[in-house]
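The following pair of complexes shares a single chain, chain A, combined with chain B in the former and chain C in the latter.
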Partner chain A sequence: MLEVKGISFRYRKGQWLFKDLHLTVKPGEVVGLFGYSGAGKSTMAQIMAGYKEPLEGEIIVDGRTDYDSNAHPVQLVWQHPEKVINPKWRMKKLMTEATVSDPAFLTALGIKEEWLNRYPSELSGGELQRFAIARALASSTKYLIADEMTTMLDAITQAQIWHAVLKLAAQRNIGILAISHDAHLLRRISDRTIDFSGLTSCSGPFD
Partner chain B sequence: MSMQRIDAYATPTKSNRSERQRAWTRIILALLLLAGIVVWALLINADNLKVNLEGRNTAPSLAHLFGTDWLGRDMFARTLKGLTLSLAVGMLAALSSTGIALFFSLLSSWNKWLDDMVTWVTDLFLSIPHIVTLILLSVAVGGGFKGVVVGLALTHWPRFTRLLRAEVLQVKEAEYVGVSRQLGRSRLWIARHHFLPHLFPHLLVGFLLLLPHAILHEAAITFLGFGFSTDTPAIGVILSESMSYLSTGLWWLAFFPGLALVIMVSIFELLGRSIRRLAETSSG
Partner chain C sequence: MNLISSTRNTPLLEVKNFSLTFHSDRKDRQEPLTQVIRQFDITIREGEIMAVVGASGSGKSLLADAILGILPENATCKGMLHYKGEPLTEKRRKHLCGDQIMLIPQSLNALDPLMKTGKQVQTVMKGKGKKDGQRAVFRKVGLPDHVSNQYPFELSGGMARRVLIATAMVSNAHFIIADEATPGIDPHALGEMVTFIKHLAMEGKGVMFITHDIETALQVADKVAVFYAGETVEIANVEDFSGTGETLRHPYTKALWNSLPQNGFVPLEGHQPLADEKGKGCAFQPRCQRATDICLQKQPESRIVKAGMVRCFHA
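== the complex of A and B ==
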């Protein structure tokens, strides 16, 4: 179980982005998290995946909090794939960065073999995002946080990618936290949806 | 934002392509000229360098393109020998300096304390006039070939380190490096696979632009008498010896070797700049 226990965060001495936030994601469960832009959803996602330290509270993954030197069991898929892929690498190198080697798995995500020899600048956003997802679904990954994962893609690509991700997650019993401001999408893919502003006592600069 | 991104990823434009072609032409030309100097110098045997007292102090002619000196030695042969010696010393020194700069820049990516130390040492070296450090180090090591190389290598890294450090710190903050870390990749792995490919064009260009510096400084300290001993046919030695003959009208002793040195240095500048141009316009 991925447990978020009372985390709080603010940038420097600014206003609290959120305070005493609680959230759980069970293995194999798809949780949709809805919230307005600027509410602090992405910051929360980065804290959950270990990119940032919370100022208060803790993240417990399957009963553990120490996963420092190894691959983090919670992997984040970012909104902009071109930022999380080294522009100087060919795509096949990206696939060696994480321990994913099952070719069937790449096909399931709609990755074509000829893309592996290309540079990121030679692929579209949707194609890059498929690679970013494939990398995030490394063999050590137990939970996946999809932070506006398909927001910048067209409806068809969006459907294809979510279809593949949900199938792969179900096979490996991976828990998913899908973050979006698109309530329709979340209702389609999630087992349950929650409102970010309901999670915390103070949420974002709009309060 | 996304539209701009698409534009930036588009195939190189026509002007971009001809720019690259011109850069390639310049690179090939520069490499041919440099190869020409080295090959020509290798073809010179001891005969051309020997003392010939009958043909002393002759002005430039077809037989002796750069004239002869007070011992009748052919200045063209001596100049070429000097240039290759400068080239070899410059290469060795610039290569070592590049290595030091690379090491320091990677070191500064490790943590805040090491970064502060690297910055401090860099600033320390930059605060002393370059030529003073160079002479001090060269003399301390014992002069000669070793002194020159050690002196040059240990004084040409600070500016380059600053540049590389800025690049490394920039890549370090990139989101793809953060992802790598979360995927359990070690610092060494990240340095090797994320930092190095990014630094490589900077290393190549920086090395090539260090070469002319190193070569000129080598000539400078040799000219001042702190570098090579007087029996080596180094450009600096040739120039400093020619000083005593300038007043007697033997202008070619200083003019041609000096000109040759300037030309070789310019060729390296051209090479370095053209490669930088190529790296800047590359789409990869």
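== the complex of A and C ==
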């Protein structure tokens, strides 16, 4: 189980973005999360995936907190793949670094073999996002956080990607936290949906 | 016919058989020329909002750049591009862009980071009473007075979007291009943006609303131009998007509609061809269930079907 236990965060000495936040995701479960822009959803996602340290509280993954030396069991996919992929690497190198090599796995995500020889600038946003997801679903991954993962994509590509991800996650019993403003999407993919403002004693919007 | 109605009949923007080609000098490319937009047609009139909908990589943003004349140097345009009945030449663009023709950009980085927001909005205004006008428009879009004295970095994403919209509202512009101006905002903020853009059209401005989000397009627009692999495959009326898409004309538009989570969430297989993967036939043909021999051999011409435009042999 992925457990967020009473975490708090603020930037520098500013207002608390959230305080004493609790959330759990079970293996194989898809949890949909929605909330106002600027409420702190993405900051929480970054803390869950180990990009940031919470100021209070902790993240417990399958009973452990010591996963520093290996690939993080919680992987985060962001809204803009072009911002997290090295523009000077061909896709092949990107996949090798993440120890992704199984062609069947790439095919399941709709990645074509000929794309492996391309640079990021030679692929569309939807094609790049498939590579970002392939990296995030490396064999050590137990939980996936999809933070507006398909927001920048057209509806057909969105449906293709979610069908593939849900199938792979079910096969490997991966738990998913899907963050989105699209209520229709969350209703379609989630086992349960939650409102971010209900998770914590203090949160935005500070718009 | 009186003078007013005759100018009303001249479209603000008229694009016909427009194509855009990039030439590359990279040695590992087999084809030195890549045609990214072909056979593009669109007409936008005063007070009309035309959505341009398509997948990422379909060429939507390049179209905006072509109208504004900000394409990279290795691009060549062909075909007709008229503004108010006359060709949009380089010389006319210099006078019109930033004045009569305005862009609401996708990126919030478009705001000047070193200028207070109130001042930025005033720069596009003419004549006296700039400060009052700017304050009035801020109230209209729901920005408190003190925001005028703030710099862009002090604003949230939603407030910065309002400043960009306010700029278009106070400007002299007759024609506005909104390029992916609404992604990733919560439903409440989205509803407000939709209202503001509709407001622009009510004042008689023509709006080209570029987006990949068909749901927002249907809330905003009068008509929807559907873009696939650099071509307009259909121009539909908003009412055509209902049920399982029986009234839609092109199989790609139907697939797009039925892939929405609130409809079938059906993932049509395959991918949009890159510019150098297109054959001589219809660009959608490899993914189309209705494709026949003719679709492999020829590009379909545009036709009028049920008061809309379509490029398909089988519509």
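Here, the second predicted complex is superposed on the first by the 204 of 207 C-alpha atoms of A that agree within 3 Å, B and C clash if a C-alpha of one lies under 4 Å from a C-alpha of the other, contacts with A are read in each partner's own complex, and residues count from 1 in each chain.
Basically, a residue touches a chain if its C-beta (ideal position, glycine included) is under 8 Å from a C-beta of that chain, and two chains touch if they have at least 3 such contacts.
Quick caveat: nothing in here was measured; it's all calculated off a predicted structure.
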Scan A:Ala159 for contacts with chain B and chain C and give back first, second, both or neither.
second
Pick one for A:Lys92: touches chain B only (first), chain C only (second), both, or neither.
neither
Check the residue A:His22 against both partner chains and state whether it touches chain B (first), chain C (second), both, or neither.
neither
Kindly classify A:Gly110 by the partners it touches after superposition: chain B alone (first), chain C alone (second), both, or neither?
second
Check the residue A:Lys167 against both partner chains and state whether it touches chain B (first), chain C (second), both, or neither.
neither
Classify the contacts of A:Arg135 with the two partner chains as first (chain B alone), second (chain C alone), both, or neither.
first
If you stack the two complexes on chain A, which partner ends up touching A:Glu148: first (chain B), second (chain C), both, or neither?
second
Which of the two partners, first being chain B and second being chain C, lies in contact with A:His181: first, second, both, or neither?
second
Overlap of the chain B and chain C footprints on chain A, listed as residue numbers:
122, 125, 152
Considering the complex alone, what residue numbers of chain A touch chain B?
49-51, 69-72, 75-76, 78, 82-89, 93, 97-98, 119, 121-122, 125, 135, 138, 140, 152
Within their complex, state which residues of chain C touch chain A.
53-57, 156-159, 183-190, 212, 214, 255-257, 259-262, 265-269, 271-272, 274
Contact residues on chain A for chain C in the complex?
35-38, 79, 110, 112, 122, 124-127, 148, 151-160, 162-163, 181-185, 187-189, 206-207
Residues of chain B that touch chain A when the two form their complex
2, 5, 9, 174-176, 178-180, 182-186, 193-194, 197-198, 283-284
